[in-house]
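Labels for the chains are A, B, C, D, E and F, by order of writing; each one numbers its residues from 1.
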Amino acid sequence: MASLTKTFGFSAAHRLHSPALSDEENRAVFGKCNNPHGHGHNYELEVTVQGEIDPRTGMIMDLGSLMQVVQAEVIERFDHKHLNHDTVEFHLLNPTGENIVKVIWDLLKPKLGASLTRVGLWETPKNFFEYYGE
Amino acid sequence: MASLTKTFGFSAAHRLHSPALSDEENRAVFGKCNNPHGHGHNYELEVTVQGEIDPRTGMIMDLGSLMQVVQAEVIERFDHKHLNHDTVEFHLLNPTGENIVKVIWDLLKPKLGASLTRVGLWETPKNFFEYYGE
Amino acid sequence: MASLTKTFGFSAAHRLHSPALSDEENRAVFGKCNNPHGHGHNYELEVTVQGEIDPRTGMIMDLGSLMQVVQAEVIERFDHKHLNHDTVEFHLLNPTGENIVKVIWDLLKPKLGASLTRVGLWETPKNFFEYYGE
Amino acid sequence: MASLTKTFGFSAAHRLHSPALSDEENRAVFGKCNNPHGHGHNYELEVTVQGEIDPRTGMIMDLGSLMQVVQAEVIERFDHKHLNHDTVEFHLLNPTGENIVKVIWDLLKPKLGASLTRVGLWETPKNFFEYYGE
Amino acid sequence: MASLTKTFGFSAAHRLHSPALSDEENRAVFGKCNNPHGHGHNYELEVTVQGEIDPRTGMIMDLGSLMQVVQAEVIERFDHKHLNHDTVEFHLLNPTGENIVKVIWDLLKPKLGASLTRVGLWETPKNFFEYYGE
Amino acid sequence: MASLTKTFGFSAAHRLHSPALSDEENRAVFGKCNNPHGHGHNYELEVTVQGEIDPRTGMIMDLGSLMQVVQAEVIERFDHKHLNHDTVEFHLLNPTGENIVKVIWDLLKPKLGASLTRVGLWETPKNFFEYYGE
């Protein structure tokens, strides 16, 4: 089995704040990440697809199609946005790295099917998140 | 002459919007960077000091002091903030990369004096800004 | 179980072109990657070996031996070459990232045996391929 | 299942030398890495924890706690040290990359429990080691 | 004075071969870089413009315009090409890093004028070239 | 004028300690960098040469010669060494980043002459030093 990983960048603002916690608890758990107006990151996204190498093309899947799917489903949606204010996905859901990789997985899965095996996300050069489905 | 450059990271949100332009002009000039709620970056800051090597210590200046100055004057001020909403410096000034390096220069100059020779800033891995004073 | 990964670089030209497709299909599938004279990349190769840590040496395998094997089998063969014209391996086989990692796996497997568990390849900083054997 | 990886840096000196080998064997196996006074590296450590995303916080585990554990157990112990001379762990154990990731795993496991799934270590930009437990 | 640097990537094949040298001299001077069919690189281009910060926009120049110029003059011309065979510029001129940065400078200068102050080019992560005009 | 920069890596141990200071002063000024047995780094060295582009070769200087000079004068001398114990240069001179770039400049200058214009050194990804001669 072979796998192919494409990387993508998007710049977004976010504020860590959970509706399930009180304001005081939010400040205690998330510290400066809970600042009211939010802060931001250059997110680096990794999307991995796995499969047999097609003997006619030498590819697992068409790279152009993969790029279009991720561009349409993820980058258009989140790039240059404030995740909490500008997206349906994170209007109520806390935009932690863990939740972002899961949301991106759920956006890509219907388009990529079984070939999708991993979503990775660098929030900063020191924080990395991965999701592999259930 | 020798120089020493220290790098620092801070994560912030910003919105490119100039009070000197109409809303329409702002949208035309800044595009998606003008989105109302802002977006964000992992800024990578480079601060360069230049000078003679002190023969007693083998250093241009004390590294710990340099780190404290940049931490107190820049990182505390901008890290995990929304530059437009949470800082005095960019309440009216458009937080472009060019303006940010100039503002950081102006914050550091009174503390570092003639030794400060350059402020560099990666806004993304593709956009880099530098300021050398007047 | 522990694993050890060594990275290697090689610079090569290639043209994506499959003998199983017509010229028109090749242009449609591979676009500018099908340009007749080819283009090129700084390939970054990752070779992973896994095993028990030898209590006498504290190593999974001798690093120098691993380097010699990869140097002799891969780097000498592909570095500063036009993969389509200068190598037996890709004379008829389309030099996609997927095929390159598989070919490198097949070159290394007889020398490294069961310890070889992964071959990774960055074609560009945005395209990454992996092969884990059958 | 989701995972979270935090990266950490520490600078240390080490000498590859195994008490189970003769001086001659040590020189033969480890070459210049066996030089008597040692050399050094900027180690880049990756610690991965895996688990369910807590629906209240959106996190696998509290990031601040994770950082405190690694800081206290690993960074304080090894940063700016000569591993062979200044640490109990490598006084008799050869500080190869393989042994270092295993030792760090053993230091973190009692604190992080089942959530800890991987320890990775870049010794140089060309040598990477991983340990996944037994 | 402030400066702004944008980075761009392009993948190209090239062969180092000077028409002013004999075949034997070319082999002696350029070694494996003289292999007949060429090899290739992921070139990383840096374009620096310098100037006053426009007080109305907070920018030295419009970033979108700069990107369009470099895209049209450089990336379209060289990306996914074999420099020796597919470009007028390097049909007779040896495509060394030094010549490439000079050619790119000469392509950009008529469009960017006095604001252009530097062209930088990473041929590999180990070889970097710069040109500042005459 | 064009310039060419080659990068090189070497791994070394060092201890910051100045014979011109008392033990107490050394501890106060250098903190954990003064630990008796030293620590270490993966140093990344940048050597820049500047000059006219030779119209016959398209190069500023022969890359192979430059590499041999830096290999012989710097890498052989400092790689896999404890700078304080194993080198004449830093037996009495404090191996700070500033002093290392100056020493490397002084080692290369007699071989490279006027073409040498800059020596840069990353001690860690956060500390960078440069020397330009007197």
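What we mean here is this: a contact is a pair of C-beta atoms (placed from the backbone, for glycine too) under 8 Å apart; a residue touches a chain by one contact, two chains touch by 3 or more.
Owing to the predicted nature of the structure, the values given are computational and were not obtained by experimental measurement.
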I need the pair from C-D, C-E or D-F whose contacts repeat those of B-F. Over half of the residue-number contact pairs should coincide. C-D
Of C-E and A-C, whichever chain pair has more C-beta contact pairs: C-E
Intercentroid distance (Cα basis), chain E paired with chain B, Å: 29
Mean-CA-position distance for chain E and chain D (Å): 41
So which bits of chain F are touching at least two other chains? 125
Touching chain F in the complex, chain D uses residues 9, 11-14, 32-33, 35, 37-42, 79-82, 85-86, 124-125
Listed in rising order, chain B residues that touch chain F in their complex are 1-8, 46, 53, 55-60, 62-64
Residue set of chain D touching chain C in the complex reads 16, 18, 20-21, 29, 31, 93-99, 101-102, 125-132, 134
